[in-house]
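Below are two complexes that have subunit A in common, paired first with subunit B and then with subunit C.
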Partner chain A sequence: MGKSFLTYVIQRIAQCLLVVIIGITITFLIPRFSPTDPVEAVVNRAMMMGQFSHPDAVEMMKDALTKLYGLDGTLGQQYVRFWRGLLSGDLGPSLSSFPKPVMSLIRGSLPWTGALLLTTAIIAWVTGNMLGALAGYYADKRWSHVLSIIAMSLHPIPYYIMAFVLLVLLAYVIPVFPLGGAVAIGLKPGFNWIYISSILRHAFLPALSLVLVGIGGWFVGMRALVTNIVSEDYVTYAEYAGVPNRTIMYQYVMKNALLPQITGLAMQLGLIFNGALITEYVFNYPGLGYLAYSAIFAGDYSLIMGVAVFSIIGVSLAVLLVDLAYPLFDPRVKHQ
Partner chain B sequence: MNWKPKLGLLITLVLIVSVLSPIALASEPVTDLDVAPGVPRHETLILENPEGRIADPGRFNRWAPGGGDSTGLQQLALDTLWYIDPDAGIDGPWNNSLAEAPPVYNEDYTQMTAKLREGIYWSDGVEFTADDVLFTVETLMANPTMEFGAQLQLNVEKVYKTDDYTVVFDLKQPNSRFHAIFTVRWSACFIMPKHIWETVEDPIAFDFNDPLVSVGPYVIKDYDPNGYWFLWERREDWERTSLGMQFGMPQPKYALYTAPGPSDKRVIAQSNHELDVIHDASPEGMITLLKRNPTSIGWFEGFPWAHPDPTLPSVFLNNEKYPLNMKDVRWALTLAMDIVNISMASTNGAATLSAIHLPPTGGYLEWYFDPIEDWLREYSIEVDGELFHPYDPTASLRVAEVARKQLGDQVPTDVTEIKKSLGYGWWKHDPDVAEKLLLRNGFTRDRRGKWLLPNGDPWKISILCDAQARPLMARIATMIAEQWTKFGIDAQAEASELSIIDTRVRYGDYEVSIGWCIETWGGHPDLFWFLESWHSDYYRPSGEPAVNKNPMRFRNEELDGIIEAIKARDFDDPECIGLGIEYLKICVENMPIIPIMAYNVFSVCDEYYWEGFPTAKNPYTNPVANWANTKYMFPMIRPKQQK
Partner chain C sequence: MRGFLRVVADLYRSDPRCRFAFTAISIVIMFALMSFVSPQDPGSSYYAPPNQPPSVAHPFGTNSRGQDMFWFLTFAVRNSLVFGVITAILSRIIAISIGLIAGYKGGIIDRIMMVINDSFVVLPVLPLLILINFIIREQMSILQLAMVIAAFGWAWDARLIRSQVLSLKEREFTYTSVFSGTKTSSILISEHLPFVMPIVLSTTINNLLWAIGMEVTLAVLGLSNIGIPTIGTTIYWANQHQALISGVWWWIAAPVAISVLLFVALYLLVVGLGAYLDPRTRLQRMKGVLSDERA
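Here is the complex of A and B:
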């Protein structure tokens, strides 16, 4: 049993590494085959200033930029250079915010994205699943119907619509929250209530938009799962046997229904590294999503790869952890 | 039995409320009297920075890639020798900024001398002198990746000073427009403080942040480490800057440049009086603001409100691609367009139309549009043995008429007013004549009425447009595609991302695109600035990058002669206007691109905390917040007392 579990762990880790390597290689190649060229982007930006640039001057600038950005050499040479840098923890300089290191840009945005998405994902997951389970178990109750209608109404609303509705409602019609940003202008970072409360106030609307839509999704999924499970024989048997409802609900029904939801949560947590572009854009929230979005449009290979590497590693690790943790939740996996 | 789940539900709700309520009731007030701690709202001008979030906000090196341009940096902290205002200017469009006088050239334009102002100081108390200009030029020449570096390298043989306030540029070849490098039209080559930069080992990597020494009237006070806002404070010694010295004290003590997000949010922010200057709203946003916020004003008092930038959005036709290489085809496409519909669909009619190849803004109406009007009315195309006059002088009146149905009295009725704000005229919408032009070149129609090329292939056109950064272009492209489809061409709008479009257009990988390649000073009639690259010396075939402003790859010997004649003349030579009119006639004859309208920017200013913003009635500068020229707004506006 111990040996087979070790084999299982090693297999999963090897699989995870392979996924990471393939994912990163694809990420390395895609921007290089895209029509956006970071050198051209800088040249175009210079042209947009309206100045007339002699063609020889433009060529001179392009050659120098290509060398400066480390885009000279063959694709293979660039690939080797990239892995060498990555393995030493260096993702190189951002091309659109040259010479700022990519790691520094990611480090600046990651805490905001991480805090917002981690918190909202967990709140939405816990609340959505709790309410979904209750609504599924007590499907005949009137409050269950009301909750279902609310959740099903919330679930299909796109994030950006929800974000705009909340924004108009709570920052314009009833202006109790700020229009955007992560913290009030001019506040110095510090571990004090003014700064922390400012962060919370600014995060409230973006968080609420994510939580409301997220709750709807988890609720609908959990309710469907629970509705199926309550009709299983062992639940009926437990009811006939006089097992308390609370025990049936938490020990028999919810525990079984949670497995796919745990996988979903893990995947969602892994995707945190992608950021929440629309939410960030609407609320001017300084996360990774907008950083990646700008990098794609600027042809910033290094930054695209930086964000993607984190995302690939995040999702792969999340999947790995779920794979490894599954036997804890589901004895059937352990036995297999 | 049933109380337990209800209790669970209640607990969950209580938990949610208990987590969220402290956030909602947090101590920070929402409608702050202060923009930031110690920064009163009534002393602060808040402007939009359209660049959005700046990924590396601590980088103020305006001469190298990275960092932001219009975070207030180029408007308030940097300066250069001369400025040309796109509108009338405070005391004329030309302004000697760091220079004391206009540039002086020798007879054959191989030497330019710049006389500098005395008494200008950097914000750290060091005097600005010729050494700063020399250092800037030499540093940029040594680093061709820095903006203007390669340009200076190609032009400058030697730069030296004859005294602390006189700089002489010996040029490698005659260049009567060399001063344009140091003349702001939106931006230009700004001057570096030598005493800061001379110790820097790598000028490309240098952030110019420690310290950011300003030669403009403001210094940086604080900025968002996340890149959404930049707060500037007026210098105590503002009178030792070129702006203060000439035009008095900049009125706002503070200036905040923010990136408020999408158009709807800008509208909300201004309605809440949290954004004094919107760089560009959507036409619908502009209308909403004017209805909802009584203190919001546009450039024009009434319709079309927007500020016409001295830039001309046009339909680029790749003159190398068959069948667009045929003049008749280009004209047929022009006559298949209905400008009234295009104007309504793209801007609700709030467009300043142009039939000719110059933007109808600034002094151009007087210099070019008025003198050529009679020629345009007389201009004719021979079709089937008859003369057809394609110019429609009533186009803008028809736009006004349609717009009036939607917007009522807000649309002017006075013809002079309409011409000034909506343009003079445009080309007739005449599909019958367009058809004749195609038929005589061997085009045919299939059974469904769709056009076939002379070789029998279906005629397909894809109109490349930017839907993300410039939705106006996508709206124009969509309407043109619809009209050409109606005419029988298989046309469609192809939305893409700006940098992809720019690259494709530069390399000639397109047939039709919407963009601009005609940009003028606005406040000066000289056309050489954009026209130089139309000379066939700079012609590059598709596959090679086009030189700046000739993405349509147009060549014309007569035009070459005009460009050479302009180049041989002084910047201020009035004969250049006559040559410019000849350029316009060549363009009308050949229609290398189809002009549409000025790039109307829906800049909206809120006269709640400040008044005296530039408008069409008082056009001392443009209100478009990302232009470096908007520094002239600061001494002109006045604080408004709150009731």
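Here is the complex of A and C:
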């Protein structure tokens, strides 16, 4: 544990805080600089429902909403108030499920997204890299080519389309899996097999669609890395020296090839998170993505703000964790 | 231009991935171009019997609004492609400027730019786009949507371009131009830009792919201008009419199939181009050519 390790950790934490500050400032600025006022948008949408409202009532509604959304006062005052609310964990009430606070809605859905994202990201990363490394090491074998064709045709498919196709195929045409939700309706939460198996069965398709898209990307990257490393002199030397293939593969090749893939994981968490959001929407999975969709549907502006803010915080923290795990794999960080 | 054509021909010959990609992309572009000779306006409806399965008269069937899916999709694909290209060009302008300036200037400017850049790489874009589009979706044109998405799609590529410029900066020819009094802007544009063009090309295709996918995502959530036919809004309307439950599966299958073809083709082109530009595989390829000649 040298000094350079400490600098590394401090640097990473500072970068993480910066991402959060920049992201949340953007979230703060968007509604304030967009050509349409969010209050206007919500009021218009309410008026479109066809009810006639008295002009005075509309004015009062506008005033109330402006206050509720924290849009009164100067920009500086608003900004300070925004942060103060955020730091004390108060994001105001949700309009669509009034008077429930936005915070409690997010707290209810965050664990679902977190669990889904974490498991699928890890499964996809580990399997994608393992398969990719093997396929790269045996690059001229037939199965290696077949695997890369499969990976290359799975990876570019947008998460939404992958999720949708799986839903149609495995829940609708051949109904093996439930159409949506997180557990069977009416099931009591508890630590028993029926409950857990229901959770797993419901999570399977959303997880599968995230994993399939993810594996493809890691596979292609890893295969390319390993094919390049295999032609390096030190690998050829190890081969001539009679080092067993397994050892070359795991100790010499993979160790080096994994490093850019770890950085890649940190860089791509935001993208993977986007995928998880849209997948949740397809499967009615009760995480942040589904919450965002119901907020869009109900015109609940403060809830959308809350989802955006917590997405930024959640993803930045996850990236920080990956960054902090990096020195475990790269000894150079400690000894520089 | 001739050099460009030679590269295309080279890629077509040497790489089966690119061969597939070129063929598929040409098909999709031709399909989109057919919108100019379409007998039907995408805005009109009930000119054909609704909910007809695919047949000779209607190759992709008709939807519940009495529109011929084949002709309707020519417009949708064209709009999606135009949108993707505009987004890619706009975000390229940002990425190239930031990459060139940060890489060339170095020092504190580079540090500040890269910290902001890295934040944009990590930020989850979808929730922010949901927020923006939630507020202004009703009056958004294709160009405006492209501007919004481009504002979030440059960071990763800016970093790639910067890292190239970092090494170009130390080359002899840069010193020569600096000492002979060339302006910084013309060093960047006429000396460094040509070198980063290959990487710009491959990131452009990647960005195009990402942008079209993003449009599908936002449209499906009902967050784009649903009056404009695109791949995303076609799926949105099919979902709104519960196309699957009423058995009109071709309404969904047609846009999904075309977009999967387009996405896979564009991605294969990126991979093929990446391998073509990588000096190490280039060396292997030349060795292959040499041994072929010997045999």
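Worth pointing out:
As a convention for this text, the second predicted complex is superposed on the first by the 240 of 336 C-alpha atoms of A that agree within 3 Å, B and C clash if a C-alpha of one lies under 4 Å from a C-alpha of the other, contacts with A are read in each partner's own complex, and residues count from 1 in each chain.
Here, a residue touches a chain if its C-beta (ideal position, glycine included) is under 8 Å from a C-beta of that chain, and two chains touch if they have at least 3 such contacts.
Being a predicted model, the structure only gives us computed values, none of them experimental.
Within the superposed three-chain model, A:Y172 lies in touch with subunit B and with subunit C [touch as defined at top].
Within the superposed three-chain model, A:I30 lies in touch with subunit C and out of touch with subunit B [touch as defined at top]. Note on subunit A: of its two partners subunit C and subunit B, the one contacting more of its residues is B. With both structures placed on the common chain, the touch criterion links A:G186 to subunit B but leaves subunit C unconnected.
With both structures placed on the common chain, the touch criterion links A:I150 to neither subunit B nor subunit C. In the superposition on chain A, contact is made by A:P55 with subunit B only, not with subunit C. Applying the stated contact rule after C-alpha superposition, one finds that A:P99 touches subunit B and leaves subunit C untouched. Of the two partner chains placed by the overlay, only subunit B lies in contact with A:S198; subunit C stays clear of it. With both structures placed on the common chain, the touch criterion links A:L71 to neither subunit B nor subunit C. Looking at the shared chain after the overlay, A:I278 reaches subunit C, while subunit B stays out of its contact range. On subunit A, the patch touched by subunit B and the patch touched by subunit C overlap at residues 35-36, 41, 164, 168, 172, 281, 297. Note for the complex: subunit A touches subunit B at residues 35-37, 40-42, 44-47, 49-58, 60-61, 64-65, 68, 94-100, 105, 108-109, 112, 123, 127, 130-131, 134, 137-138, 141, 143, 164, 167-168, 171-172, 175-182, 184-187, 193-194, 197-198, 200-201, 203-204, 208, 245-246, 249, 281-284, 286, 290-291, 294, 297-299, 303. Note for the complex: subunit C touches subunit A at residues 17, 115-116, 118-128, 130-132, 134-136, 138-139, 156, 209, 213, 216-217, 220-223, 235, 244, 252, 256, 259-260, 263-264, 266-268, 271, 274-275, 278, 280, 284. Per the touch definition, subunit B reaches subunit A in the complex via residues 1-2, 4-6, 8-9, 12, 16, 19-20, 22-24, 26-28, 30-32, 35-39, 52-53, 55-56, 59, 64-67, 144-145, 147-151, 153-154, 180-181, 185-188, 204-205, 222, 224-229, 231, 256, 259-262, 264-265, 268-269, 271-272, 274, 468, 497-500, 502-504, 506, 519, 529-530, 532-533, 538, 540, 545, 547-549.
Subunit A makes touch with subunit C in their complex at residues 15, 18-19, 22-23, 26-27, 30-31, 34-36, 38, 41, 152-153, 155-161, 164-165, 168, 172, 220, 224, 228, 231, 266-267, 269-271, 273-274, 277-278, 281, 288, 292-293, 296-297, 301, 304-305, 307-308, 311-312, 315-316, 319.
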